[in-house]
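In what follows, subunit A forms one complex with subunit B and a second complex with subunit C.
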Partner chain A sequence: MSARSNVMAYAMLAPIVVLLTIFVVWPVVYAIYLSFYNWSFYTPPIPVGWRNYVNVLGDRTFIESVGRGLLFAIIVVPTQLVIGFLFASLVKTVSGKIATILKVSIYIPTIISGVIASIVFVLIYNYQGGILNAFVGIFGVEKQAWLGNADTALAALTVPAVWLGLGIGTLIMLAGLVDIPTSYYEAADLDGASWFQKTFFITIPLMRNIFLYLLIAGFTGAVQQFELPLVMTDGGPLERTLLPNLYIFQHFRNDTYVGYSIAAAILLMLVLGSISAGIFRVLNSEKAVDG
Partner chain B sequence: MRSTQFRAMGIVAAAGAIALTVAACGSGTPGQPADTGGGGDDVPEGATSVEFWQLSFQDVENDWYTDAIDAFNSSQEDIHVNLTQVPGDAWEQRMTAAQAAGNAPDMYTIAYNGVISAATTGQIVSLSDHIEDDVWSDMQENVLGSVSMDGAHYAFPMLVEPSSVLWYRTDLFEAAGIDGPPTTWEELQDYAAQLTTGDVYGFGSAQAAGDMGWSTWGLQWNVAGHLPISDDWSQAEVGDEYAPLLQAWQDMYAAGSMPQQALAGYADANPMGQGQLAMNMGGSWFASVFINDFPEMVENIGAAPMPSFHGDPAAPTATLGGWTWVVDAKSEVPEEAATVIASILGGGDDEHLLEYFEGTQYSKYSPRSAVNDALVEAAADSENPWASMIASEIVPTAMPEASYPWDISLAFATALEQAMQGTDVSTALADAETEINRLIEANQLAGTAPQ
Partner chain C sequence: MAAETPVTAPAISSIGRAPRKTGRSDSGPKGVLVVAGKAVMGTLIVLLALFPLAWMVIAGFKSRSEVVETPFQFFPEIWRFENYQQILADPEFVRSMSVTFAGALLFTVLSLTVNSLGAYAFARLEFAFKNVLWVYVITTMFIPGMAILLTSFVVVTRLRMLDTLAVLVLPGAASAAHLFFMRQYYLNVPLALEEAATLDGASKWAIYRHIFLPMSKPVFVVVGMTSFLAFWNSYVWPIMTITSRDLYQIQQYLATFRSERAAELGMLMAGSTLAALPVLILFLVFQRHIIGGIKIAGLK
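Let's turn to the complex of A and B:
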């Protein structure tokens, strides 16, 4: 009976294991293999040992792009979490119809293509004839090169990044909020707890796993942001919006051999994996204690 | 055999993984046309099929390609060409996937600056083995040099486009009392300052490293007499001789003669057509944009060579970009593919070839002397009032595009952008020299320059 159960279990696991092996494990293993070669589709791979890795790590542009990606994520993800949490709290407190309108409104950016959003924000930020410059002009502020100025370009990219990611985060948080038993809040009310006390001692602790998920998914997603800098700035000015994935893409597109870009992609994978593991360690995931 | 298949599957899977890793680079741009092509379905019995991928250009160009292939197919029964026109944003992904699967087309279009790299990695075959010497004899030397390595020609040039022409507004010059286009950089900067008023900027050009990297090759030749790497690619050559170029960008940016952010990409002629610029450094292709999209502006726009930094009018100020046709190294029918190229581009039907240049309103030029002479003559009576000047004053002195790895161009362009944004010129040049030497070392470029 036990053996039959095992066979059934393996049979049911087999499809996903096979698919993961074909589409995830094998490509990654082969990519690691290729990263030690100078490789093109037309010539036999030339083994180069660790040279691709040494070259990537010796390229200040790559190191800076990873640092920039982390900075970008540090700005974008907490902003998304705070705004999303406040918005979800608002949605929870209002009546059904208004809540539906709010949910639809906040979710709309999620279904908009990142490319389209990038183009829209380029029009907003445009130096000549842009909506933002027209707006600040009302207050007598001179027009700014939001995307052309090395000091403002990265910050300008964080706004569409927050906007695009807000919807899904808010809805997940709303689901978490609704899931918290109301009896906890009723008990707190009997004890005279304020809104802040209920938020910090009931809501946030019980949403830890949701925050953990959003933090990791948001962080890795933000560091890997690709469409916004590609369409809006192409990594400029002065590489100030060159995020790591765009750096890798530019090398993949332009290099004679692709071993270098594969090595860079693997190094980025290690960075993101380490950061994710770090977040897991700090915000220890726990099984929900309530029923 | 099994291990070969296994290996091929692995390469395809790995390419897919990398494509996924670099995140969503496969999306098409909304509004881009789907693949189209020519050649028809009526393949003569026993004919050899040749697959031809062409990067999709303007409609008029695509129509010419379709007509040319149809005409070739109709002219004989031995070879049948299947033309596929691939949208620009899908080209890299489709070609990479096809190469990974071993299904690359037999022949395709490729830009000049990609030819040597493709030849070095064995991606394309030498056409010298398949196309006779007399077909090449008509080709301009400087253009032929940019597609040749170790004495062999790896691509057949179809057209050239000078990368930098000084487009200027004759009406604004006249209103400001300025007589004619600038002939020196001092004049250019002076005029740009004078002509900057309100929402009209005196001078527009590339302002981001990605655009500067290729659009300023001609000015790099002009100001320094060489590109920023030695001929054998063994060391950076970024000295003070480049300072006037960087200084000019810095001064015009600081003075507000250039916008604080480029109004469009370098290849985009719209800001000039829309009246936002008094002078615009842009490619020869701007002509067709002005004629088609801004016909009311044509009489107010003049064209001239970019000024020479040292006053020598014979010094190059532009490079010759454009497109070539190549044959894939894995093609099983290279001889037939080369026959197609020689027949369509190599003198088999020059009348039809001239229709291409006529269709593009003489905004492009032929690398073949006989064709170019004919098109210059025809251009004199055309709606393009600038074609003759560009053909006679810019094309002859223009240099081939750089064939070294793009990172080298980007390193120099970053220095130019740094200087424009206020970094000391010497510091920016020193940074570029350090970076180019690092790239030479990292990519083991020394001694690998094509001879």
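Let's turn to the complex of A and C:
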């Protein structure tokens, strides 16, 4: 390890380390610092200890928004996993052109922006001329204001969320399915195992890590969803679609004293961050065993 | 009678699925049912995935009143190109598409350069404090965007970067996740290649430039596409940092159009279709690499 090789390595690492320091590490440190202060852009910071955190934890709107985020994720993630798993199992059994068409089709929604998805789904849910009302009309159901009605708004937001996230999960599961040796299934076939038996006793146990990863990545992602409610409903009606990040964002825009919003963001980060770090550790240790 | 069975059974199964040859027992009428069931399920999911987009494209061809017409009509009476013509004639739309495209290209090039250099250093070089730096870099991967979104805004405000192209391009370019992904790839490059070059007196930079870069195509496609897509689709960061209409990003333009010209739904759909087109084309061109990249990621 010569001094020369040190210089070369540091020169190559400098850009990424500098950028990460300015745009990730500094904001994190700054966030932790500001969360203990009362500060707006034009005043000197006044230390307030844990008051911002206490205020956040005592804020019913925030706590409710976290609960709503969890509920949202509980609807979105399992739906994605089940549809994705069924579809991946299907794609695995076909080959060639058809498999490519299926894979490409399911992945296309993934590349569509949250804004465009919002615009399209708002039109689908439209009271006048929306295709959903036309569809339920066939079965004699009355027209609904899907996004305007407090009872249906959150459920209505789950559909574009599932739609946007389905592709990546499906393809990850497909990659996992393809990795399972066919000999396992052949042995099960000889014993006369049914599709359900093979799925529950071979496929699902062997895909444990993939499910775990998708479950947690999907869960933290869904709880943090906020483009869809921002564009589609702006949190309404009656705060029924006010997910935690949207609440923090709105609070930040309306309150020049940013300490409160930052404390809320940090509290949410602590919960979600520890979940993702945990899953990373599990995945990494498994890989070490595989060699 | 018994002798006939072996003759008919293969014949039936060959109708159901001629090209496949496995030892599975889905032949006979049950096999046909399975194939039909699969076809129905496959078609259904594909339709579900593509329907909202088809609906968007079709609505772009409708007249202003047709989009919200009752009784509902799936297809327009006459296919009109006015919405597409009008949105393309809007200088703000065209500028927004161009600015976003230029920014996305810049962002992609920067992201590939910065992350692959770092990935190479961590994969192949030995240097002092390597472990410390590795932990420092990789820890940033676990910080959710929202935790730093607010203070990032404060930071770029202090750096006087608001309302510039730099505020869009610089903050997200370095990514520990991309670095990690590329490093995994570089770790798998055989050592022999490098050793031969080292014997010939090649510097580490020359090895990166002439051996690793040319081999990086598969990871560059995946990371490049992901970066381009992230930039093209981003909405929240632009609405926080860009106020001048000259720099409006395309998602920002669409959302603003929606609130300012609510009645022009057909035009909005035409604009959304055009805004989705560049990434759609990119994806279709590179789909093999991107779908393959999900495997490279080594999610086991």
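Following the convention adopted for this analysis, the second predicted complex is superposed on the first by the 246 of 291 C-alpha atoms of A that agree within 3 Å, B and C clash if a C-alpha of one lies under 4 Å from a C-alpha of the other, contacts with A are read in each partner's own complex, and residues count from 1 in each chain.
Simple rule for what comes next: a contact is a pair of C-beta atoms (placed from the backbone, for glycine too) under 8 Å apart; a residue touches a chain by one contact, two chains touch by 3 or more.
Fair warning: this is a prediction, and the values are worked out from it, not measured in the lab.
**Q** On the superposed three-chain arrangement, identify whether subunit B or subunit C touches more subunit A residues.
**A** The partner making contact with more of subunit A's residues is C.
**Q** Mind working out whether A:K103 is in touch with subunit B, subunit C, both or neither, as first, second, both or neither?
**A** A:K103 sits against subunit C, while subunit B stays out of touch.
**Q** Applying the document's definition of touch, where does A:P78 land relative to subunit B and subunit C: first, second, both, or neither?
**A** In the superposed model, A:P78 contacts neither subunit B nor subunit C.
**Q** Touching A:A9 in the superposition: subunit B (first), subunit C (second), both, neither?
**A** A:A9 contacts subunit C only, not subunit B.
**Q** Can A:G148 be said to touch subunit B (first), subunit C (second), both, or neither?
**A** First partner only.
**Q** For A:I262 in the superposed arrangement: first (subunit B), second (subunit C), both or neither?
**A** After superposition on chain A, A:I262 lies in contact with both partners, subunit B and subunit C.
**Q** By the touch definition at the top of the document, which applies to A:D59: first (subunit B), second (subunit C), both, or neither?
**A** After superposition on chain A, A:D59 lies in contact with subunit B alone.
**Q** Just to be sure I read the superposition right, which of the two partners does A:Y42 touch: subunit B = first, subunit C = second, or both, or neither?
**A** In the superposed model, A:Y42 contacts subunit B only, not subunit C.
**Q** Applying the touch criterion given at the start, work out whether A:I248 contacts subunit B, subunit C, both or neither, answering first, second, both or neither.
**A** In the superposition, A:I248 contacts both subunit B and subunit C.
**Q** If you stack the two complexes on chain A, which partner ends up touching A:G235: first (subunit B), second (subunit C), both, or neither?
**A** Only subunit B; A:G235 stays clear of subunit C.
**Q** Residues on subunit A in contact with subunit B in one complex and with subunit C in the other?
**A** Subunit A residues touching both partners: 22-24, 26-28, 30-31, 34, 41, 113-116, 128, 224, 226-227, 245, 248-249, 252, 258, 261-262, 265, 268-269.
**Q** Once bound in the complex, which stretches of subunit C touch subunit A?
**A** Touch residues, subunit C against subunit A: 19-20, 23-25, 38, 41-42, 45-46, 48-50, 52-53, 55-56, 59, 67-72, 74, 113-115, 117-118, 120-122, 125-128, 130, 133, 136-137, 140-152, 154-155, 157, 159, 170-174, 176, 179, 203-205, 208, 229, 232-233, 235-236, 251, 254-255, 258, 265, 268-269, 272, 275-276, 279-280, 283-284, 287, 290-291, 294-295, 298-300.
**Q** Any idea which subunit B residues touch subunit A in the complex?
**A** 10-11, 13-14, 16-18, 21-25, 27, 29-30, 92, 96, 99-100, 104, 117, 120-123, 199, 207-210, 259-263, 271, 276, 329-330, 405-407, 414, 417-418, 421, 438, 442-443
**Q** Using the touch definition from the top, list the residues of subunit A that touch subunit C in their complex.
**A** Listed in rising order, the residues are 1, 5-6, 8-10, 12-13, 15-17, 19-20, 22-28, 30-31, 34, 41, 83, 86-87, 90, 93-95, 98, 100-109, 111-117, 119-121, 123-124, 126, 128-131, 133-134, 137, 160, 163, 166-168, 171-172, 175-176, 179, 186, 189, 209-210, 213, 220, 224, 226-227, 230-231, 245, 248-249, 252, 258, 261-262, 265-266, 268-269, 272-273, 276-277, 280, 283, 286-287, 290.
**Q** Can you name the residues of subunit A that touch subunit B in the complex?
**A** Per the stated touch rule, the residues are 22-24, 26-28, 30-31, 34, 40-43, 55, 58-59, 113-116, 127-128, 144-145, 147-150, 224, 226-227, 233-239, 245, 248-249, 252-258, 261-262, 265, 268-269.
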